[in-house]
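What follows is a set of notes on a single structure, which appears directly below.
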Amino acid sequence: MSEAACHALGLAGFGALATAAWATVLYDLVIVLVVLVGVLSIAAGLTWFERRLLSFFQDRLGPNRVGPAGLLQPLADMVKMFFKEDWIPPFADPALFVLAPAIIIVSVLLAFVVVPVTGSFVIADLNIGLLFFLAMSSLGVYSVALAGWSSASKYSVIGGLRAAAQMMSYEVFMGLALTGVVLLSGSFDLNRIVAGQRGLWYVVPQLPGFLVFLLAGFAEMRRIPFDLVEAESELVAGYRTEYSGMKSGMFLVGEYLGMTLISALIVTIYFGGWLGPGLPGFVWFLIKIFIFIAFFILVRATLPRPRYDQLMDLGWKILLPLCLVNLAVTGAIILAVQR
Amino acid sequence: MTTAFLTNWIYVAVFIVAGAAMVVGILLMSRLVYPIHPSPEKYSTYECGIEPVGDSWHPFAVRYHIFALLFLVFDVEAIFLFPWAITFRRLGTSGFVEVLVFIAVLAVGLAYAWLKGALEWV
Amino acid sequence: MGVAREAVEVVGELAARFPGLELTVQPTADEIPTLWIAAERAREVIAHLKTEAAMTYPMLYDLTAIDERERSHREGQPASDFTVVYHLLSLEHNRDVRLKVALLGETPTLPTITGVFPAAAWYEREVWDLFGVGFDGLPVRPRLLMPPWWEGHPLRKESTGRGTERGRLTMSSERAAEWQEMLAFRPEDWGLEELAADPEVMFLNVGPQHGGTHGVVHIAVGLRSEEIVSCVVQIGYHHRAAEKMGERQTWHTFIPYTDRVDYLGGVVNNLAYLMSAERLAGLEVPERAQVIRVMLSELYRINSHLLFYGTFAQDIGALSPVFYMFSDRERIHDITTAITGARMHPGWFRLGGVADDLPDGWQELIRDLIDYLTPRLDEYDALVLGSRITRARTKGIGALDTATAIEWGVTGPNLRAGGLEWDFRKKRPYSGYERFEFEVPIADGGDSYDRVWVRSQEIRQSLRIIAQCLEQMPDGPIKSHQPLAAPPIKEPGTMHHIETLIDHFLGVSWGPVIPPGEACLGIEATKGNNGYYLVSDGTESAYRSRIRSPSFPHLQVLPLMAEHLMVPDLITILGSIDFVMADVDR
């Protein structure tokens, strides 16, 4: 976290202590913990948000018994999960079986490091932020593929293999879609990408790129309509069929973290991030994020699921050529304008 | 710049450690409180309530490998495109044309795979 | 009961084609030509009737057996310990023929007809399973409905009818493990050694505990990559011995059991059962009761189709429709509750009529439902069928052409999806369906999309029929005054006249005694043709109550539809053929 970030948080007083190395370390740990807990709480809160919103779309009430408006439901779920028997099947590969859910949580959390909440509030203002995000999100595939493989159950293995092919493919399209934005902004730094959108959000010049990124986002999040790796009417629970208790809960949290991350990235890259009139930057940021989260939930309430080969067809036969054309056209236009 | 760069990476490292510690912590805490009641049914593979036939680690679907190869080709392409994209304005028209040729070569590759039926699933 | 003109024709033709063939004609209450032939000639006669006869019968409607050893009224029938009954149907000529084969001895066997009708496979296994009548060429594990460890054959008359007569069952962990072992799928039992030896083929158990199978059915699929190369369907997990219960319950008390056969069909099952029972009893149902029956049947048809529609959408991944449709079903349940007092299983039809008259204000309820549901249906079509993803998932998936469908005994919407306009309500009107105006929706592809589309249209036609019931509801009695109507109507003088009182008392406590005879009158149930083949031996219960359910043949044809597709397509097909496991296993 930069010094400016400390100011933003009104913690300038800490500057005096910063000379003491120990205090700095302590302070950093506290901040990191605050962010960790904050992001995880959002993910937990989303379980409530999604269930209530989904219920609203589906003419029913949803969880409304635990606490006011059911707000304590995530807490109750968490307590329940803690007390659930969490066994490692004797036929599974124990090391990978435990590692898989850990990878998904850590990799998604790490990707949050580069997301600028405001111009000055970002944990690590990496000048290769965009690449860092892509790297972290490709780690997600290890989690799902290893979970499926290590479970040694046929449904899990099929789910894991599907996950590997699906997430890897869409990783490519995601990266290629983002190249267009890099062309426009000339930077991988997410804060500079946001700053570049002061006049016009990138969604306008990069509409095809945005659509590809959005679809790839669905595939990376493994949400309906692209939840084929755990399609319950076909694969029971896919890659996590054999998981139970807290480890299963981690996949759940990982999914909601992923949804928050993708929403945050879409907002940052295509919808001007924290930019907006009147309200403080982080408020705009949160508002935009929740609009996208609500959109993802609406899509879940609406669409059926394509078949696996249709998903791959869409990617390789439509999205990939679209990405390449988008890149060429964007480059040509920028050159023409420069002339 | 260099200092800021390093500091930023230290934060990333701290985040990795803290995140991993948290995962381990949650699993350990859960381990302390959850009950353990083993039974043969619980420890059997889930396959809809029927004993599985054969091994789950099974030679499976060469299709997946083809997609892995395609992934490799096009992800490497993306890696080449990123440095170009960031220096795009400096490279100008000549750089743009070179990249178009590069994309065209790969597009031919994609078209070949497509026509050969490598993208068909079944 | 007489020998119908049709019977004379069939006998004439068979006698000319097979000189020396012994033919005995049995008159039946349903007037279906019923001929006894020798066991060893059955196969060639059936083959002739299927393809060569002047009037061909391309559908094996039913194949079952009767344990005749305790039957008293068999006047004019050849001596038989076990009778195997083949029921063939010609949709083109709208005719039936029933062939009976007399078998002597405790465990007789006879030649299989699977070479003629591949659909006979399950029926023959069922006959062996339940009666111990063997067929040559049965698979290694012939049990179809009973579990593999079962001893005996439950529909034989000596088999016990109550669980309490069998002694206590203790489930030790050793026994559980042993039974679990017996349930496992072994490819070599199904002639799949070749696939089992192929290292690229993986066998995957789909069901019995699986979210996409709509109930407990075990489908063992062989997969090469994700392509289905073999598919073995194992049923019986939902078997509840409904047919055995029919032999123990009185004619009247069996009615509520029928509700549970196609548990989404409610009173439609009652109607199927009563059609045959009333024919045996010679009961005439008053007009008002008939219209009430039609109205309720159509309400339950909508109910069943809505559930189908919603769960189908869920099978292909759309989460919301099922919630909308379930809340719509609640509105229909409100109406059925107001009329019958129950939601899904009212058991409300009676021999000779219905249980009670319609309540005050029923018109309002019906009117509200029609006004509410009609516009909703368009929304559902847009939501489910209008989606491009749905079309990509369903068009051309699991297509069944009409000829194959007929050969495998497919009826109802699944048959109409292929383009054949055949609806028993139109072709063989019962319960006064001829008085209503409605269309029979047909599609032409016979694929999963068409099966769903046909049902979505049928809901509208059902609403049309219900609207006509509302307008044309006649006045009059709701139950027949004939003596065999049950429970008998209590007249004002009943309590004052001892003979009438005794008669009434017996009618209520024992139930009616229905004269000896046989009848099977199929109806257009929610999922296809449902027919109860009832045999009366002149007692207060059925001697044999065979339930010919539509879901049974529909599920049997699954491997044919799923071949060379993928697991998600299998789930699509399962969702689109609209079966209920209780209707398959009975």
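Per-chain numbering from 1; labels A, B and C assigned in written order.
The definition used in the following text is that contacts are C-beta pairs under 8 Å (C-beta built on N, C-alpha and C of every residue); 3 or more make two chains touch, one makes a residue touch a chain.
This structure is a prediction, so every number in the text was calculated from the model and none was measured.
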Checklist entry - Which chain is in the middle, if each chain's centre is the mean of its C-alpha atoms? => result C
Checklist outcome for this item: Dominant interface by pair count is A-B
Checklist outcome for this item: Cα centroid separation, subunit A vs subunit C, in Å, comes to 50
Item to check | Chain centre separation in whole Å, for subunit B relative to subunit A (CA means) | outcome: 14
Checklist entry - Where in subunit C do residues touch two or more other chains at once? => result 202, 204, 210, 226, 566
Checklist entry - So which stretches of subunit B touch two or more other chains? => result 47-48, 52, 58, 60-61, 63, 121-122
Item to check | subunit A, residues touching no fewer than two other chains | outcome: 154-155, 158, 236, 308-309
Checklist entry - Quick one: in the complex, what on subunit A touches subunit B? => result 1-2, 28-29, 32-33, 35-36, 40, 81-87, 89-91, 98, 101-102, 105-106, 109-110, 113, 123-127, 131-132, 149, 151-158, 161, 164-165, 168-169, 171-172, 175-176, 179, 182-183, 186-188, 236, 241-242, 245-247, 250, 308-309, 312-313, 316-317, 320-321, 324, 327-328, 331-332, 334-335, 338
Next on the checklist: Give the list of subunit B residues in touch with subunit A in this complex.
Outcome noted: 4-5, 7-9, 11-12, 14-16, 18-20, 22-24, 26-27, 29-31, 33-38, 42-43, 45-48, 52, 56-58, 60-61, 63-64, 67-68, 70-71, 74-75, 77-78, 81-82, 85-86, 88-89, 92-93, 96, 99-100, 103, 106-107, 110, 114, 119-122
Item to check | Touching residues (chain side subunit B, partner subunit C) in the complex | outcome: 40-41, 47-54, 58-63, 121-122
Item to check | Touch list for subunit C against partner subunit A, complex | outcome: 202, 204, 210-212, 226, 313-320, 323-324, 327, 383-384, 387, 389-390, 392-393, 566-569, 571
Item to check | Residue ranges of subunit A in contact with subunit C within the complex | outcome: 54, 57-60, 154-155, 158, 224-225, 227, 231-236, 300-310
